[in-house]
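Down below are the structures I want you to see.
Two complexes are shown next, each including subunit A; its partner changes from subunit B in the first to subunit C in the second.
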Partner chain A sequence: MTISEIIFYLFSATIIFFSILTVTSRRILRAAVYLLFVLVSTAGLYFMLNYHFLAAVQLTLYAGGIVVLIIFSILLTSHISQKFEPVGIKKQIFSAIAMAAGAILSIMVILNYGFNSLITVADNPTMNTIGYGLLNYGKNGYALPFEVISILLLAAMFASIVIAKKDKKTN
Partner chain B sequence: MTAVIPLHYFLIVSTLMFFIGIYGFLTRKNLITILMSVELILNSVNINFVAFNRYLFPGELQGHFFTLFIIAVAAAEAAVAIAIIISVYRRFTNIDVERVDTMKH
Partner chain C sequence: MNFDIYDFSSFTKSIDEGLMASMSPFWAITIEMIIIGVLILGFYAVVGLYLVYAERKICAFMQCRVGPNRVGPYGFFQTIADLIKLLLKELIPIKNADKILFNIAPFIVIIASFMAIAAIPFAKGLHALDFNIGVLYVMAVSSMGVIGILLAGWSSNNKYSLIGAMRSGAQIVSYELSVGLSLITIVILAGSLQFSTIVEGQRNGWFIFTGHIPAIIAFLVFLVASTAETNRGPFDLAEAESELTAGFHTEYSGIKFAFFFLAEYMNMFIVASIAATVFLGGWMPFHIGGWEAFNGIMDYIPPFIWYIGKTAFVIFLMMWFKWTFPRLRIDQLLTLEWKYLLPINLFNIILMAFIVLMGWHF
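Here is the complex of A and B:
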């Protein structure tokens, strides 16, 4: 067992364990912190696959941005020590059956497919390559989705300001 | 370094994460926890994209770039969803999906 295998098992065990805790924890703030652990271990997987820029984006945007946003909204909308009532046993069982059936089916398909993975040298794409790819409109260029994403972000910013703004007439 | 770990290990991890997210989506009642389950689902899809890109097409970067775009879409979605949640909270003073049902009638 090599060191990278051990690290991989560590990260995947963290991901699975804290994912389960995220969806079953009855205290909402703890669930958010468990989600943070899941996202950080996912960034670790990206580091293992040698995509350093992607791992950095995952850490700053997901673990740094979205989790902080979620924690802020938790603090605004619910009491910190509030506990959820336990989920009904019937709902729990049926959801677990649906989840297990889907997971088993997908895992069987994955195991039977037999991917011919041709990994050679795992090189990290440089910042130059990523920048040219994002702004290039020729072959292997992603200028159009880049522009669409920038418009989407602008629209989302306006939308969230307009929606969350206090209405003067009702208050 | 990654050659010792087969591709389907990554796929199994992301599959389990995806279905745990679906379980949370089905059982949770609080809007913010539902949003957290959706984040889990999006994140598992990202792992799939990145692993396929690295193992099956190591010379190209499609999976890499689409993971970047998915992260941006997830950030936009989280911002709008949290704005909606705060607006709902102001109107109903709770964010329980079973008690916010005025528009159903």
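Here is the complex of A and C:
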């Protein structure tokens, strides 16, 4: 076994283990922390693939951004002694069926997809390639999705400001 | 093995080749990882200890006191004695705390700063991780430290801790923006996110000089924002002693408390090294483009000394802030970030882009 295989299995085992814990934990903040471990291990897989940019984005956005936001909202709303009731047997069976169906479907699709083994080493895109790609409106360019997402984010930001703004009449 | 104090790349390369020749790649890589890990861990501990000593001495100097002076010459071994004391102290378990999160929190804080230190170039060739996206990587991993602080505050089941953690979270999340944007200003000038390229780009003058006005503004913004991001005074509301006993680490004792303490100092060291690398040339000696004789004299000082000197200068500035300015209120803190630093920063980026476009930098 090579060292990258060992590290790959380590990361995969961590991802699976903590994914299960995330959905089964009855304490909400612990679930959020387990989710953090899943996301960080996924970033580790990206680092293994030599795709550093995606790994760093995964860490900044998911681990450093979204999980912090989730933890922040839990801090504001829940108390330490709070614990969810164990779910009923009916719900457990239905969610197990749904999960198994999803897992079987994805595994089938993955197994039936003819993966071509690459002989050349996948190149690690530099920041310059990514930058040109984002602003390129020609072939292989991502200018349109980039702009659409920025408008979407701008709209979301305005919406949150409008919601958070105090109403003058009620004040 | 040819050990050259001016260029470590041949030294590290010869170690790598020696290991690869004598054993299988699996063990060679494992041993290399262990060597780097132990080296960085040792560096981390020593620097952390002596930053505490430096802080106490500088604080004493600012307040016309002597500071630690009993243990060893000039109190030089005081922090080592403190460390031994902390190691021997009892770890007090909290009855109604969330035990798992309570114990994980200090490790998250320390791992985040430990990951960031791996990407810092100490000298030419003395660089554990040299990613193409170095600056982004450091921003990414250092943004995870706040999770540890939030968890520590919540899982202690203590109102002071919770308030401290909330303050710290709000502060770090908002000041992270300014830190990132001020670094991006210099990335525009450097044209790269890779630390080795950024340092190499300052061969003919550090970016704070070649980038003149926008670079100086970015440096000032970075200093303010990074002081706030590391929870240091005058932005240390997260552990405001007079209101919150000790903020998020009130309930921690012994070595777990020491982890938070060490991580705080190491975060200061990391932001100071980034400031030194990005704005002040890292290990690059002080060069003035065209003055060959002067540059030759400057090259005699080893790069590692340059790096440590610049980092120590920035650290001194940050300690100076802490012992000079009174603590801010939380609303003042957030106003400073969102109403002043962020607009200045955004304008500064446009200014820098314009200057680079017109070729008005040196």
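The rule we apply is simple: the second predicted complex is superposed on the first by the 157 of 171 C-alpha atoms of A that agree within 3 Å, B and C clash if a C-alpha of one lies under 4 Å from a C-alpha of the other, contacts with A are read in each partner's own complex, and residues count from 1 in each chain.
To be clear about the criterion, a contact is a pair of C-beta atoms (placed from the backbone, for glycine too) under 8 Å apart; a residue touches a chain by one contact, two chains touch by 3 or more.
Only a predicted model underlies this, so the values are computations on that prediction, with no experimental measurement involved.
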Three-chain arrangement built on subunit A, subunit B and subunit C clash or fit: fit
When both partners are placed on the shared chain, which of subunit B and subunit C touches more of subunit A: B
Subunit B versus subunit C as contact partner of A:Ile89, first or second or both or neither: neither
Contacts of A:Ala56 with subunit B and subunit C, given as first, second, both or neither: second
Subunit B versus subunit C as contact partner of A:Leu75, first or second or both or neither: second
Touching partner for A:Gly65 - first (subunit B), second (subunit C), both, neither: both
Subunit B versus subunit C as contact partner of A:Thr126, first or second or both or neither: second
Partner chain in contact with A:Leu36 - subunit B first, subunit C second, else both or neither: second
Which of subunit B and subunit C A:Ile151 touches, first, second, both or neither: neither
Three-chain overlay, closest Cα atoms of subunit B and subunit C, distance in Å: 12
Footprint overlap on subunit A, comparing subunit B with subunit C: 2, 57, 65, 72, 74, 76
List of subunit A residues in touch with subunit C within their complex: 2-3, 27, 29-30, 33, 36, 40, 52-53, 56-57, 59-60, 63-65, 67-68, 71-72, 74-76, 80-81, 124, 126-127
Contacting residues of subunit C [partner subunit A, same complex]: 25-26, 29-30, 96-98, 100-101, 104, 131-133, 136-137, 139-141, 143-144, 146-147, 150-151, 153-155, 157, 162, 165-166, 169, 173, 176, 192-193
Contact set on subunit A toward subunit B in their complex: 2, 4-5, 8, 12, 15-16, 19-20, 22-24, 28, 31-32, 35, 38-39, 42, 45-46, 48-51, 54, 57-58, 61-62, 65-66, 69-70, 72-74, 76-78, 84, 87, 91-92, 95-96, 98-100, 102-103, 106-107, 110-111, 115, 117-123, 125, 129-130, 133-134, 140, 142, 145, 149, 152-153, 155-157, 159-161, 163-164, 166
Touching residues (chain side subunit B, partner subunit A) in the complex: 1-13, 15-24, 26-30, 32-33, 35-37, 39-40, 43, 46-47, 50-51, 54-56, 58, 60-61, 64-69, 71-80, 82-87, 89-90, 95
